[in-house]
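Input: structures, listed below.
Next come two complexes, and both contain subunit A; in the first it sits with subunit B, in the second with subunit C.
Coming up: the complex of A and B.
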C-alpha cells in the first residue's frame, strides 16, 4: 500500500517536474523567438525599404513585393560601387586578421612565459591600450598617416586596424599560453629546439582554439569597421563597405532605398558564409573560454 | 623542425609584399587629379549635376581626372579632420562657412574673371572687410519658413496673412487641431533646431541691439522673448513628437506625406520633399518680425572653395572658372531650388518659384544675412544648437537658455576679439 502510494507520489512529482520543464522550455523558446525577431528587424526594414522607390510613402514595415524597385539594387552597384567596396573589405579583413593573429601570438608568447617585472609592465600597458577609444587619437593618427602616405591605401588602413585589434588578441593569446604547461617548452629545448622553433613548432599548433576566437572577433570587427575607415579611406575606389554605404546619407539629402539595397548586397556574402560555416563560428567563439 | 619558422617568415614576407603591392591602388599626388569633397550624397540630384560638370571639364581637358567625393552625415567632422591633418582636398563644398571658418585655408577668388558677374546679395555673408571672398557660390539660399500649402489650406490658414509670430502661433494651433505637426525639427541633426533660433532671432532684435551684439554686448531680453516663444511652441505640442529620434530626412518625409506644416530650413529641403512626393505643394513665407517688416534670410549655400595649399591649385582654379560659366552654372541651378549668385544665370526655383516671386519681386522683402555669422562670435553655432535642443526638449527653461547663450557669447567674443 505504502509502496503504491510512494509510486503514485513519485509519478506525481515526475508529472509536475515534466510540466515545469515543459513550461521552462516554452519560456526559453519564447525568449529565443523574441530575440530572433529583434535581430531580424533591421534586415526586414532594409528589405522593405530596398523594394520601394523613394516616393513610396507606404508603411515602413510593409515591403513592396508586387512591384520591386530593382533600380535601387542596380544603382547600388553602379553608382555606389558596392562590389568594389566588398573586394576592398575582403582585402583589408584578410590581411588585418592574418597580421593580428601572427603578431598577437608572437607577442603573447614571451609575455606569458617570462613573467618578469618588465613584461608585467608591458602586459599592463597593452591592457591599458584597449581602454583608449580609437577616435580620441584620430587627428594625430590621421596626420601621421598623411605624412607617410598611408591615407587612401590598403596598407595604411590595415596597419591601423591591426594596431587597434592587437591588444585584445595579445591578451587572449597570453591567457591561453599561460594554461599550456611550460614542460612542453622544456621538452622541446631538451630536444635541441631554440625558442623560435619551440614557439612555431610546439606552441603555435596548440593555439588553434584561441586563434579561431581571435580570427572571428577580428574579422567581424574589421569587416564592419566604420569609425576610422571613414576618415582613412575617402577615395571611392578604396572605400570599404561601411563608409561606402554611409555615402548614401548626407546632411542635406539621403537615398534610403539605394542605401538599404547596398547594405543588403554587402551583407549577403557574410550571411551565406555564416550559414555554411556556423558550426565553426560557434566553436571558435567558445573555444577560447575552454583552456 | 626548421622548416616551419621559415614558412611562417615567408608567409609574413608575402603578406607584407602583397600589402605593399596593393598600396599602389591608393590615391596619388597626381597634379592632373582634382579631389573635390562635395558633401552631397551618392545618387543625389546635386551630386549628379556636379558629375555632369566634372565630365564636361574632363572632356575639355584630356588627362585630367576630377574625383568627386560624396559626403556623409558627418561631412563637417570629415573636413575638420582633413584640415587638422594638413591634407585638405583640392576643392571642397564650404557649406556656408567659406569666410568665417575656412578663409585661412582657401584661395581668395575676388580677382577671378567671373567675380564681377556676382550679384551683391552675398557681400554681407561671403566677403570679408577687404572685399575678398573665398568660394564660388553655386546658389544663394534665400530662405523663409517653408510650408506645405495643402496642410495650411486644410487648416484654414492663409500663409500670406501671417504677419507676426502671434499669427504664426495661431496657424500652429489650427494645424495642431487637425492632429498634424506644425514645426518639424530633428534632434539627431540639431542644426534643424539651431536654424529656428538663427532664422527667428533677427526678428526680435532692434537695429540698435544688433549693433550692440556686434560690439560684444549681449542684450538678454530679446533672446529671452525668443526662447519663451520656442518654449511655448513646445508646451503647445507644435513640434514633431519624434523630435529626439527624427533625422532631417524624416522631417522631409513628414512634409511629403502632408503631415507637417512648417520647417525652418533652406529651399534645398523642398528638393528632398519632392524626392518623396514629386507633387508636393510647397512654398515659403517671410519671417515675421517684432521689430520691423518681415524679412528673408540670405546666405551661402552650396559653394566651392579652392585649397590654398593644393598641389594642383592652378588646375583647381581653372575648374572653378569653368563651373562659373553661365551654361555650367545652369546645370546646378535646377537641383537646389534657390536663387542664383550670378545675374546672368536664370535661377530655377522649382516648386517655390511662386513664393519667391511674391516675396522677392512683388513685395521687395528686405533680406538680411544669417544671424550667427554676422552678429555672433565664431563658435556660437554649437551653443545655439544645444540651446535650441534644450528648449525643444524642455531640458532648459527660457532664462536658462538666455544665460547659456550669454555666457558662451561673452566667452567666445573675448577669445575672438
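Coming up: the complex of A and C.
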C-alpha cells in the first residue's frame, strides 16, 4: 500500500542528487502546499468579505456562491473612486518610470565612461543617497513641496518618486554601460557624431536588458508606493491606489466589504500582468536586488 | 605649409575632444538637479529644521538648538518605537532567511508544479503592502475575522488580536515576513541555480551527501545570495511603515509604531515638525550605520568563501 503511494509520488518527481529519497517527497509536498495555501489565505478571505452584503456582520470562511453580492464592488467603484485611483496610479507610474529610465541611463553614461576623480565622487554620492529612508526626510520634503505648490499635483509626486528611484537605476545602468566596449563610442565619434548622437543612437539601444529590470522595479515600486504618496496626495481625486485603499479602513472601517472589494480590484492589474510576464517580473526583481 | 596646417587641425581636434570630454558630464545634470532638490536638500534642511521648535505650518520657528535631540533621549515612546523597529528589522530578517532558504531548497528540486508554487509564494511581494495588509486584516479582525470565526466554531470566545501590544507587534512582524518571504526565496533560488554544478558533482563523488553536502557545499555557495537577502530584508524591516499604518495605525497607544510611523505621527498628528525632523535624522543615521556595517561585514564573508 505504502509502496504504491511512493511509486506514484516518484513518478512525477525526480529529485536532483544521487539518492532518491522517496519518503521525503511527501513531507516536502505537504510543506509546500501548506505554505502556498497560507499565501493564498488573505486573497481568499478578501473574496469572502467582498462578496457578502454589507449588513452581514458574520464571519465567512466560504463565500455564499449561490448568493454573491456585487454591491461592494459597485460601491468601491462609484463611491470609492477606485478606477480614478487606478488612473492616477497609472499616470504617476508611467511618467516616473519613463523619467527614471531616461535620466538614469543618461546620468550613468558619463559616470561609466569618464571616470575622473570628480565623477567617481559624484557616483559614490549618488550611491549614498540610496540609504535615505523616505520617512526620514518627510518633514523637509513635505514643507518644500508645500512651498513650491507640488502637493496634490501629479508633477510633485512624480518628481519626488523619480528622485527616490534614480540612485538605484543609475547604479544599474552604470554597471551595464561599463560592460559595453568603449570602442563603440569611439567608432561613432570618428564618424563625426557628437556625444549626444552617440548616446541616443548607439548606446541607448544596447541598454534594453537593464532597462527591462529598471522598468519592472520602478513601476512595481511606484504603483505600490504608500508612505510618501499618502501625504503628498490627499485629495480623493488625486489619490493613487495605496492611499485610496488605506482610506477605506480608517474612515469607513465599519464597511469592510467595500474595503475588501477595493483591495481586490487594485490588486488585479498586478496579478494579471504577473500571470503573463512572470519570468520577467522574477528576473527583473532578482537582477535589481542583487545589484 | 602642409605640415603646419595639419598640426593646426591636430591642435584643434584635441581641444574639441577635450571639450567633448567635459561636455559629456552634462548628461548627469538633470538627474543631479532632481536628486539635489528632492533628496539632498531635504536631508540637509531636515537637519536644520530639527534644531527648531516648529509646528510645521507657522512661518515662525523658534531656534532651540539640540533640545529636540535631548527630548528623543528622554522620550519613552521613542524608545518603544526604536525597540519595535529593531524587532521588525531583525525578526523579519531571521524569519525570511529561514523560510526563504527552506522554500528555495524545496522548490529547487524538480518536483511537479514547482513553477506554480514559486509564483504563488512570490505573488504577495509584488502587491502593495497596503493592499496585502488589508487582506491579512481579515484574518485577525475581531467581528468578522477568520481566526475568531474558527474560535467561535470551536466553541471558544473571540480574541481581540490587536489588544495586546506584544501580540500586535508579532502579527505585524509575521505579516511583513510572509508578504516578502518570496523575495528571499527567489534570491536563494537564483543563488542555487548559479552554483557551480561541477563542484556539487565532485563533492557527491567524494561521498558527500545530505547535511554534509548542505553545510560544506551548498551553504558556502549561497553566501552572495545570503548577503543580498539579509541586507534587503534588514533595511526593509527597519523602514517598515505601510503594514503598521494599515493593521494598527501604531496603536494601541504608541506601542506598535516603528520609527518611520512615529515620525509621521509626530509631524501630522502632533504637529511637532522640529521633533519629527530630529527623529528623521536619527532614522537616517541608524539606516546608514546598519547598511555600512552590513555591507562591510558581509563583503568579508563573501570574500572568504
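Just so it is clear, the second predicted complex is superposed on the first by the 223 of 291 C-alpha atoms of A that agree within 3 Å, B and C clash if a C-alpha of one lies under 4 Å from a C-alpha of the other, contacts with A are read in each partner's own complex, and residues count from 1 in each chain.
As a convention for this text, contacts are C-beta pairs under 8 Å (C-beta built on N, C-alpha and C of every residue); 3 or more make two chains touch, one makes a residue touch a chain.
Computed from a prediction, not measured in an experiment: that's the story for all the values here.
Q: Could you say whether A:57 touches subunit B, subunit C, both of them, or neither, answering first, second, both or neither?
A: Both subunit B and subunit C are touched by A:57.
Q: If you stack the two complexes on chain A, which partner ends up touching A:74: first (subunit B), second (subunit C), both, or neither?
A: A:74: touches no partner chain.
Q: One more residue to check, A:115. First (subunit B), second (subunit C), both or neither?
A: Touch partners of A:115: none, neither subunit B nor subunit C.
Q: Between subunit B and subunit C, whom does A:46 touch in the aligned arrangement: first, second, both, or neither?
A: Only subunit C; A:46 stays clear of subunit B.
Q: I want to verify the contact counts: of subunit B and subunit C, which reaches more residues of subunit A?
A: C
Q: Please indicate which partner A:179 is in contact with in the superposed arrangement: first for subunit B, second for subunit C, both, or neither.
A: neither
Q: Can A:124 be said to touch subunit B (first), subunit C (second), both, or neither?
A: After superposing on A, A:124 lies clear of both subunit B and subunit C.
Q: Is A:249 touching anything from subunit B or subunit C once the two structures are fitted on A? First, second, both or neither.
A: both
Q: Considering only the touch criterion stated at the top, classify A:223 as touching first (subunit B), second (subunit C), both, or neither.
A: second
Q: Where does A:139 make contact in the superposed view: on subunit B (first), on subunit C (second), on both, or on neither?
A: both
Q: Across the two complexes, find the residues of subunit A that touch subunit B and also touch subunit C.
A: Dual-contact residues (subunit A): 57, 138-139, 142-143, 230-231, 243, 246, 248-250, 256.
Q: Where on subunit C does subunit A make contact in their complex?
A: The touching residues are 20-21, 23-28, 30-32, 34-35, 37-43, 45-46, 49, 56, 99, 102-103, 106-112, 115, 117-132, 134-139, 141, 143-146, 148-150, 152, 178, 182-183, 186-187, 190, 204, 209, 224, 228, 232, 238-239, 241-242, 245-246, 249, 259-261, 263-264, 267-268, 273, 276-277, 280-281, 283-284, 287-288, 291.
Q: Enumerate the contact residues on subunit A facing subunit C in the complex.
A: 12-19, 25, 28-29, 31-33, 35-36, 38-43, 45-46, 48-49, 57-61, 103-104, 106-111, 113-114, 119, 122, 126, 128-129, 131-144, 159-160, 162-164, 166-167, 170, 189, 194-195, 199, 220, 223-227, 230-231, 241-243, 245-246, 248-250, 256, 259-260, 263, 266-267, 270-271, 274, 278, 281-282, 285-286, 289-291
Q: Report the residues of subunit A in contact with subunit B in the complex, numbered from low to high.
A: Subunit A residues touching subunit B: 54-55, 57, 75, 79-80, 91, 95, 98-99, 102, 138-139, 142-143, 145-146, 149, 151-156, 158, 193, 196-197, 200-201, 204, 230-231, 234-238, 243, 246-256, 258.
Q: Quick one: which bits of subunit B touch subunit A in the complex? Just the residue numbers, please.
A: 1-2, 4-5, 8, 11-12, 15, 18-20, 22-23, 25-27, 37, 39-46, 67, 69-76, 78, 81-82, 84-87, 95, 189, 191, 247-249, 253, 256-257, 268, 271-272, 275-278
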